[in-house]
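The two complexes that follow have chain A in common; it is paired with chain B in the first and with chain C in the second.
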Partner chain A sequence: MKSLEELKAIRERMQGQVGVRSADSSDTRVVVGMATCGIASGARPVLNTLVSEVNEKKLENVTVTQTGCIGLCQFEPIVEVFEPGQEKVTYIKVNPEKAKEIVEKHLIKGQKVEEYMLHKGAEHKGYADFVKFDEK
Partner chain B sequence: MLPEISLNILDVAENSIVADASLIKIMVETDTSENKLKVTIEDDGCGMNEEQVASVVDPFFTSRTTRKVGLGIPFFKQAAELTGGFLNVDSEVGVGTKVEAVFLTDSIDCMPLGNICDTIFTLVTMNSHIDFVYEYKVDDKGFVLDTREMKEILGDVGFDNPEVSDFIRNYLYENEAEVKGM
Partner chain C sequence: MYRAHVLVCGGTGCTSSGSAKIIDRLHEELKKNDLTNEVAVVKTGCHGLCAEGPVMVIYPEAVFYSRVSEEDVPEIVSEHLLKGRIVKRLVYREAVSENGIESLNDTVFYKKQTRIALRNCGVINPESIDEYIGTGGYEALGKVLTTMTPDDVIQTITDSGLRGRGGAGFPTGLKWKFASGNRGNVQKYVCCNADEGDPGAFMDRSVLEGDPHVVLEAMAIAGYAIGADQGYIYVRAEYPIAVERLRIAIGQAREYGLLGKNIFGTDFSFDIDLRLGAGAFVCGEETALMTSIEGNRGEPRPRPPFPAVKGLFQSPTILNNVETWANIPRIILNGPEWFASMGTAKSKGTKVFALGGKINNTGLVEIPMGTTLRTVIEEIGGGIPNGKKFKAAQTGGPSGGCIPAEHFDIPIDYDNLLSIGSMMGSGGLIVMDEDTCMVDIAKFFLQFTVDESCGKCTPCRVGTKRLLEMLEKITDGRATMDDLDKLEELCYYIKENAQCGLGQTAPNPVLSTLRYFRDEYVEHVVNKRCPAGVCKKLVTYKIDPEKCRGCTLCSRNCPVNAINGEAKQPHVIDLAKCIKCGTCIEKCRFDAVYID
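Moving on, here comes the complex of A and B:
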């Protein structure tokens, strides 16, 4: 049985280490919709992939968090990227592979992955109709 | 429908988070001789009044204001009842809520438990301000993950520390495999 002993060792290694930092307003926030709609369409592996990729790549200025229903259930899993001073980017129908690509291209290299973005997907999926319906 | 029991657990536990719980207990107990799987999700959140408890299994009831449907509990109830099992909700305002579901695992309609380790990992690491007690049991073998114990050891080192989150993931996977005798 794996015990908590290992945690003590981790704690000792981390003590006195600089770089233990908490999230602040200059961080890029990556938000995953985790309501029933998101979970049903596969948000859990997407969220876990984002967390482990961000850890692995040591992206210290990126925080991955979750939120409830974003309101576009048919496009779930949805990942939103908030960069300070920039417009929000919404990625739709994300899976773990796309999530890795988003980390690699958008979060590391600063290039948005246009093909997974909402406005791109919406051209094919009747987003305009949906918005009209929603406003009724 | 959510295709795994563990995804239903994740979804229902999100309700406890919204209810402002500070401690959430999740138990997953398998009784192989009786072919039963019991799932309990208990929180100390804001609770619900009798009327809300009665309507929570109704898909057209939800506490959110964005839309008029809420499918979390109805999905979970339907999944349990399809197997011949049941779902119970007990709640008291100001005390908390307990959701209990029993699945009969020999039913052809019983969905797989699925990746419960990932569900617990997601809940624990994404909500480090909340304490979780997770208990996994198969007959008389089992293990417990108690974030209060972990936080006591870790002090100011958070669950967002990559080494800590790796530890939590491995703790879940390795102990589950051992309980299952794998």
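Moving on, here comes the complex of A and C:
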């Protein structure tokens, strides 16, 4: 090690690695539904895209994690974004390309990607019934 | 890029309960599920909750699994890692609340702790220098070498108020200052005392196992501060995992040029070598330790001259304990004010304790100085098992003393502990409940010092032996009140006349138990009774004929056939044959056996 720059380079390379190992409640959480329904409709490439994008863009306060069945199997793969103090945003039928867009627009620029959000899904068949059921 | 990290404890406790097999199985199952490129498996150092081992933490959710077995691994992989469903039955019980599952840092065990010396323990892979650098490792060394003068470094450590964590609490900055004269003109050494030998202490082992690079970095910083180019780590050979990880760490640091010539392109050169001790307690005493590194029999020598003047190979030397070293890089990076803002007036920062004895959460904790014993035992430690009452806690091992229940709310720091006749010691904290006999405890520690006395000076070699004999006389019921006075007198004589710390502190367990539990000694002497029912010569086992159902369970289990009686008739213990092993009490389902 002949210079501080070399040390810094290693640190930056490793930060994404070890940075995962802290659970701070002020973090934004990006949750991917990874139950059988999610996996079957392609949640794993979505999850992996999100993880690598977040790391590449060096978004330090974002945690990407997974959860079980969210209950909207027909809209999988589902990605939910929880920002501290804000209502959660639910994206449906996500694929790796959409995931990149969500990172770029929502997580970096703070603009929700309306066209992939659940309420747009009202046009989908069965959604109204589901909401009714949910409100019970 | 891994989306999840599975941290499995590779400390001594969890290793002995099978964590290595769990790691193998994890790799196997991840491969089966095609997850090897998505999930990282990391073998870490101690997480602290040794009682709940083997432990596993999965990030990013920070879910804490306890008492994991090899058979649980397939479920964890297919449920948690593949489908994202937490395996509730394996989650550490304290982390399960009405609102679901809490993250690790919200459990009482961790919430009340401040981890500085242990910050990387259980978080990084101790065998990877890159992970250490990823958490800011070697930045303090870089800062020191490129922006600070050696005197600045010493001033920073002095201002932080850091005191030696080996037990005596000598100010670290002052120690460095004493050794700092004549830089560049004389050979000097930096040593690390990793000869942790107190019964019940395992803090240093855990730091070495969990974060070995922090010690290397800190020693290099001290080398720069006093003008030394060589360091030695004296570690006991009974710590094989710690030794192995230190070897790996030293090799990696040399490869990266963080040890060796011209570190960070400066003129500063520093290297470290390991020296293994054979496990003699006295070699934890600084002069004996250095004599042992020199290759001689590990015996202490008189001070002065102090090591800062004439130490290893007759050269100025500083020797600090593992935990002291573990604090140094953070103080350099965060500043002395940050460190001094924690703790009490004269004891700054935090202290690591190894919790053991009659306590639920046996393990490793780091608390700010000034935390009360009550918080440590009742909250972090999870209280005493089986609803028993707290009687006393022993700090400082065989050199320390007991803290009775009346001092339960005393803020723990160096001076408070000394004032109540105990000492900080290296950090072993042994909890005792109402079933503990205090005379027996004193006897236990004396037995230890008698075994470990090096034999060089008479007060220690002969004195501790005589002390032990007097204690045996008491627990055998042969002592008189006169013996109690003699016991106390001999204690003070040894304290004043022994040559090194081992002998000078050896009577402490006797003196402190005499101070707080004199009535228990008197009960043994006058009434020939052991109130806790521990001292075998003073108790007899009896069977209450009213309660005995004649189930014959006790007589069938008695190892010496001392229990007689017909089935369905009250049994009787033959006192002449009874060896007082306690098996009958354990076996009896009707509470019929009692100690008189």
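Note that the second predicted complex is superposed on the first by the 106 of 136 C-alpha atoms of A that agree within 3 Å, B and C clash if a C-alpha of one lies under 4 Å from a C-alpha of the other, contacts with A are read in each partner's own complex, and residues count from 1 in each chain.
Just so it is clear, a residue touches a chain if its C-beta (ideal position, glycine included) is under 8 Å from a C-beta of that chain, and two chains touch if they have at least 3 such contacts.
Since this is a predicted model, take the numbers as computed values, not measurements.
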I'd like to know which partner A:102 touches here: chain B for first, chain C for second, both or neither. neither
For A:92, select first, second, both or neither according to whether it touches chain B, chain C, the two together, or no partner. neither
Is A:47 in contact with chain B, with chain C, with both, or with neither (first, second, both, neither)? both
By the touch definition at the top of the document, which applies to A:55: first (chain B), second (chain C), both, or neither? both
Report for A:68: first if it touches chain B alone, second if chain C alone, otherwise both or neither. both
Using the superposition on chain A described above, determine whether A:1 touches chain B (first), chain C (second), both, or neither. both
Just chain B (first), just chain C (second), both, or neither: which does A:39 touch? both
Contact residues of chain A, present in both the chain B and the chain C interface: 1-2, 4, 7, 10-11, 13-15, 20, 22, 34-36, 39, 44, 47-48, 51-52, 55, 63, 65-66, 68
Contact footprint of chain B on chain A as seen in their complex: 1-2, 4, 6-8, 10-11, 13-15, 20, 22, 34-36, 39-40, 44-45, 47-48, 51-52, 55-56, 58, 63, 65-66, 68-69, 71
Can you list the residues on chain C that touch chain A in the complex? 1-5, 7, 38, 40, 57, 59-62, 82-85, 103-105, 123-124, 130-131, 133-136, 138-139, 142, 146, 256-258, 262-265
Chain A contact footprint on chain B (complex, rising order): 1-3, 7, 10-11, 14, 18, 64, 66-67, 70-72, 75, 115, 118-119, 121-122, 125-126, 143, 149-150, 153-158, 160-167, 170-171, 174-175, 178
Residue numbers of chain A touching chain C in their complex, please. 1-4, 7, 10-11, 13-23, 32-36, 39, 44, 47-48, 51-52, 55, 63-68
